[in-house]
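Two complexes follow with chain A in common, the first pairing it with chain B and the second with chain C.
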Partner chain A sequence: MTTGIWQRNMVSWMLVVALLPVAAALWIEQDGAALLRFGVALVTILIWQAVFLIARAQPLSPIAVVTAFAVALLASGITEAWQIVLAVSFGTVVGEQIFGGWGRNFIHAGVVALAFLYFAFPEVAHQGTGIWVAISVLPGAALLLLTGILSGRVMIGAVVGLVVVTLVMGADPGAPFLQGSLVFGMVFLVADPVCSASTRGGRWLYGGLAGALIALLGWADVGIAAPQAVVFAALLAAIFAPLIDAGIIAATTKQWREHNA
Partner chain B sequence: MHPTIRPQVADQIDPNQRLSAIKPLGLGLYQKGLIGMKISVRGGLPYPLSGPAISGPTDTVKTDCIALLGVDYPGMRARVLVDQGATVKAGTPLFEDRRNPGITVTAPVSGKIDQINIGAQRRLSSIHITVAGDDRLSFDVSKAHTNEGLRALMQSAGLWPALRARPFDRVPPLDGQAAAIFITATDTHAQAPNPRDVLSGLETSFARGVAALKLLTPGKIYLCQHSGDALAPADEQTQIVNVDGHHPAGLVGTHINRLHPPSRQKPVWHIGYQDVAELGILLTDGHLTGQRTITLSGPGLSTARYLRVRWGADLHALTRKDLQPGRKRILSGPALGGRENRHLSRYHLQATVLDMPPERPRNWLVAALRAAAVPAPFVPTQAVENALGPKLHVVPLLRALSIGDAESAARLGCLQLAEEDMALATYATGGEVDFAARLRDVLTTLEAS
Partner chain C sequence: MSALRHLYGPIIDNNPITLQILGICSALAVTTSLTTSAVMSLALITVLVMSSLVISTIRRHIPSAIRLIVQITIIASLVIVADQIIQAFAFDISQRLSIFVGLIVTNCLVLGRAEAFAMQNPPGPAVLDALGNGLGYSLILLIVGFIRELLGAGTLFGLTVFPSVYDGGWFTPLNLMLLAPSAFFILGLLIWAIRALRPAQIEPSDYKIAIDPNRRAP
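The block that comes next holds the complex of A and B.
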């Protein structure tokens, strides 16, 4: 029999391709500093992937590029390489590799690494990225939606949640979409196919929850321009995703349950 | 993007609920079965299959050797009833199920038993027959107008294994009760035979077969067909269901999921359209034809065509004339979910010839980096969910299957499914996890519990 091409590595290569325009925009905005962060993070992740390849026979995955890029983009204030090494080691090992690698994890490794950075080094101020990054995310997002890698439900749910809560809080609903780090996080961290909810209704709820949390944290806490909002929203939503799925399944599968005496 | 059912009447399981959903004017018509139901599968996956288009008339080709395969009857422990070298007529019982005595598989042709191959765990692997002559047993059809009489006839003629029961997709016991019977006159596999073309000329036999199946169950008969004129007359018991959409719209698992999900207490039976026509011919003539119409296609052939062949026909002999140069894989069944096999399987209606992928020199380090001992997990993209037809929680179900969690899989609806429904999941996730095999493992666990 024949098999399709959409193996795990193919999906992660598509994510990498979707990143290319964002990388170009980031180069224009920040040039060398971002590249340095990306390089340090990528080397660290690859070392950990090799460790788990030898110790646990887990295959390597190009998803390392996506994780490293997320750290490079959203941890813009970091200047010390050792901080990135520490945070990315924590993120890739605890967020991904100990579960069996990308596909078996339940939180995005990049989100874990960034949350570690924000908590461990609170004195560092992180700048959000600008409108060019926000625009450059769009072609990649369209590619991923067309190839069926991202769920349109999660994306629409997140946009609706973000706009509704922004309106409730009396802010400008268009403002979040001009923030590059926020748009990038919504596409590549929140809508990650592995970590988002996987049931049909669950995807709407998950997207809506993530969008609402971005708006809540952004407007009420760190500021909508800060990358922390989208990272912590993605972290919280991913933690709730299995619960959302379990609820949807419990509510909809009663009819298939067997009634054994 | 999602598979949905848009019935002209609602498709709840309980007919009373269904009736309440339609207008009073239509009520009488529906009860008479005159309003058709409709299944539209949005999404699905039109998977590509290159190779020549099917053309030309249906040739009848008789191969010298046929084989009945043990792998077609996975739940069966076979007791072989014939000896090697014996001469058999068409209709002679060849083996029966030890656990359900009376369920026999009969010879579709007359000839000499050439080989009886026993495989691992003393399971029957195959019985090969060299075809000779045209002797066939005739069967008494005088009692076939009752439930018991029809069962006895189908059993003695060897047509009973044409029926399969879900959950578990096994040949049902001879005294089993079906909550409903699905007749699958749809086929959405790439380059599969068109049921309407195959049945043209056999309309009477098909209608007779459909009418006979009504004796087997007090429940509904769902005749699932591609949209168009009804293939057999509808009545109170027989419901015509028009099916639209890409593969897997034509799979019986999709129909069963939408119309009548089974349970262990209320199993649902299904039967293919060519077997229904065969039953009609048996009831008319008193013997089987032992033939079926298949398509022979795929990128490894120079021409693709319809063929009328015997059950278990030798695919190597059928394809030899049209093979293109190079190494090929000859599959019984569709490119998606077919089995590499020399002989045509009992339930397959097509054979596909694919090119053998070229062997690349493998470097040990590259091989180690690409695929380590732990298989890579599948990534639950939206495309995987869209590709599957049954309205189930696809990703949680696939996750449960991939780790062998039988309890969760049962709760998520795996009892409605069989291997063929999972072939598309394997395809859409790149073939790293064989979900059909995982599903069978889980079903075996559940069957024993």
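The block that comes next holds the complex of A and C.
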């Protein structure tokens, strides 16, 4: 993507636009507390982006808004600003900037920051968001699907994986889709265009793995309403994404050789 | 003076953990507190120096076909002695170190120095090299242990530095620091810092990022 309008920053601006309805829904559900978390996280990320701009000439990216919003939405229990500053610094530096900035990372900076928060402060209880956030994710998801930023294969794979494992575990397959934090995480963290698998078959596998992990962690461990399930599922699935891609590419090239012989 | 290079070379320039990436397993496991880091460092320095001395002294008598077996026998005997001494004089620390003193036998660092240095050099330089590597290992272990205990529990050597919120103080301990991944992060950041200061340690990259000469986009 070096020519035309679909450059790196355009993709991240589209992700920001897709967030707008979710931001409105979050404002209705939680008022100013979420805005405070968002502001602290955004300022922290922008400072780190400026540091890496000066030190390593890595361009600033609007993806800061998406990362900050993910932290604001999914870390609802955090009340102290320094905890957010610490976790978001860790997430954006270790998860994104040291790889060369957004687009070269292999795990979502927001997922790293959230996992840091959940592990570092395990006594803080985070509550999920409700049905309004779940509904408000849909227009953004449709926009991203139409522009090709969000992969339909990953989304369908994730939904199938989630429903199948939920049914296997004997729970209500409709319940996860009413949880705002879970639907948000599936669209913006699991199906992130940078960190998800990028081969055709790999996307099905990756989506299925992420969906299955959400259901497994949600129903068996923290509870389907808690945001931890979707964050840890996104973290684990993203770690496996390069392996899945490599496997699919190896299988495909092997198939070519057999045909040619 | 050149003999002293064997001593101070491995402390930062050729550090066993941050440059050679050896002995990571124990560095992750025992650094939850400064006390265990210090005891582990002492045990490793003792075993490393003694084994290098013994192996270097008898290096001309070890048949090369079975040299690894002989080296491991010597190292394992010394580790058992070290383990017994720790159990006798510091039983609770021995419990906290659990298996990791015993695992010095399989620590790549000890066998690596025996194989790479003590087998080819006389006892004097071999002891200096072992001591240098042991000190380099200890330095990293103590730095990681310091950060993890201070931020994870607010204490140093078990003494309170930052009073934690559980005891009515102000410091919220970072639980993450007591888990193994934090040692990975600290080691990684430490390697980053050392290589930023000493660019000679940076390895050549495996792949180059190609930049299109006609590229117009930002």
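Basically, the second predicted complex is superposed on the first by the 251 of 261 C-alpha atoms of A that agree within 3 Å, B and C clash if a C-alpha of one lies under 4 Å from a C-alpha of the other, contacts with A are read in each partner's own complex, and residues count from 1 in each chain.
Going forward, contacts are C-beta pairs under 8 Å (C-beta built on N, C-alpha and C of every residue); 3 or more make two chains touch, one makes a residue touch a chain.
Please read these numbers as outputs of a predicted model, since none were measured by experiment.
Asks: Under the stated touch criterion, which partner chain does A:Ser151 make contact with: chain B (first), chain C (second), both, or neither?
Replies: After superposition on chain A, A:Ser151 lies in contact with chain B alone.
Asks: Would you sort A:Ala120 into first (chain B), second (chain C), both or neither based on which partner it touches?
Replies: second
Asks: Have a look at where A:Ala215 lands relative to chain B and chain C in the superposition and call it first, second, both or neither.
Replies: So A:Ala215 meets neither chain B nor chain C here.
Asks: Determine, under the contact definition given at the top, whether A:Leu74 touches first (chain B), second (chain C), both, or neither.
Replies: The answer is neither, since A:Leu74 touches no partner chain.
Asks: Chain A residues in contact: does chain B have more, or chain C?
Replies: Chain A has more residues touched by B than by the other partner.
Asks: Just checking: does A:Asp245 make contact with chain B only, chain C only, both, or neither of them? Give me first, second, both or neither.
Replies: first
Asks: May I ask you to decide whether A:Asn9 touches chain B, chain C, both, or neither, giving the answer as first, second, both or neither?
Replies: So A:Asn9 meets both chain B and chain C here.
Asks: Is A:Val65 in contact with chain B, with chain C, with both, or with neither (first, second, both, neither)?
Replies: neither
Asks: Once the shared chain is lined up, is A:Ala226 touching chain B (first), chain C (second), both, or neither of them?
Replies: In the superposition, A:Ala226 touches no partner, neither chain B nor chain C.
Asks: After overlaying the two complexes on chain A, where does the chain B footprint on chain A coincide with the chain C footprint?
Replies: 1-3, 7-9, 59
Asks: Taking the touch rule as given, give the residues of chain A at its contact with chain B in the complex, in rising order.
Replies: Within the complex, chain A contacts chain B at residues 1-12, 53, 56-61, 100-104, 147-153, 193-194, 198-200, 245, 248-249, 252-253, 255-258.
Asks: Using the touch rule from the top, collect the residues of chain A that touch chain C in their complex.
Replies: Spelled out, the residues of chain A in touch with chain C are 1-3, 7-9, 59, 80, 83, 86, 90, 94, 98, 116, 119-122.
Asks: If you look only at chain B, which of its residues touch chain A in the complex?
Replies: Per the stated touch rule, the residues are 1-2, 13, 47, 49, 261, 263-265, 331, 333-339, 354, 368-374, 376-386, 393, 395-396, 399, 410-413, 415, 423, 426-432.
Asks: Can you list the chain C residues touching chain A in their complex?
Replies: 172, 174-177, 179, 181, 185, 188, 192, 212, 215-218
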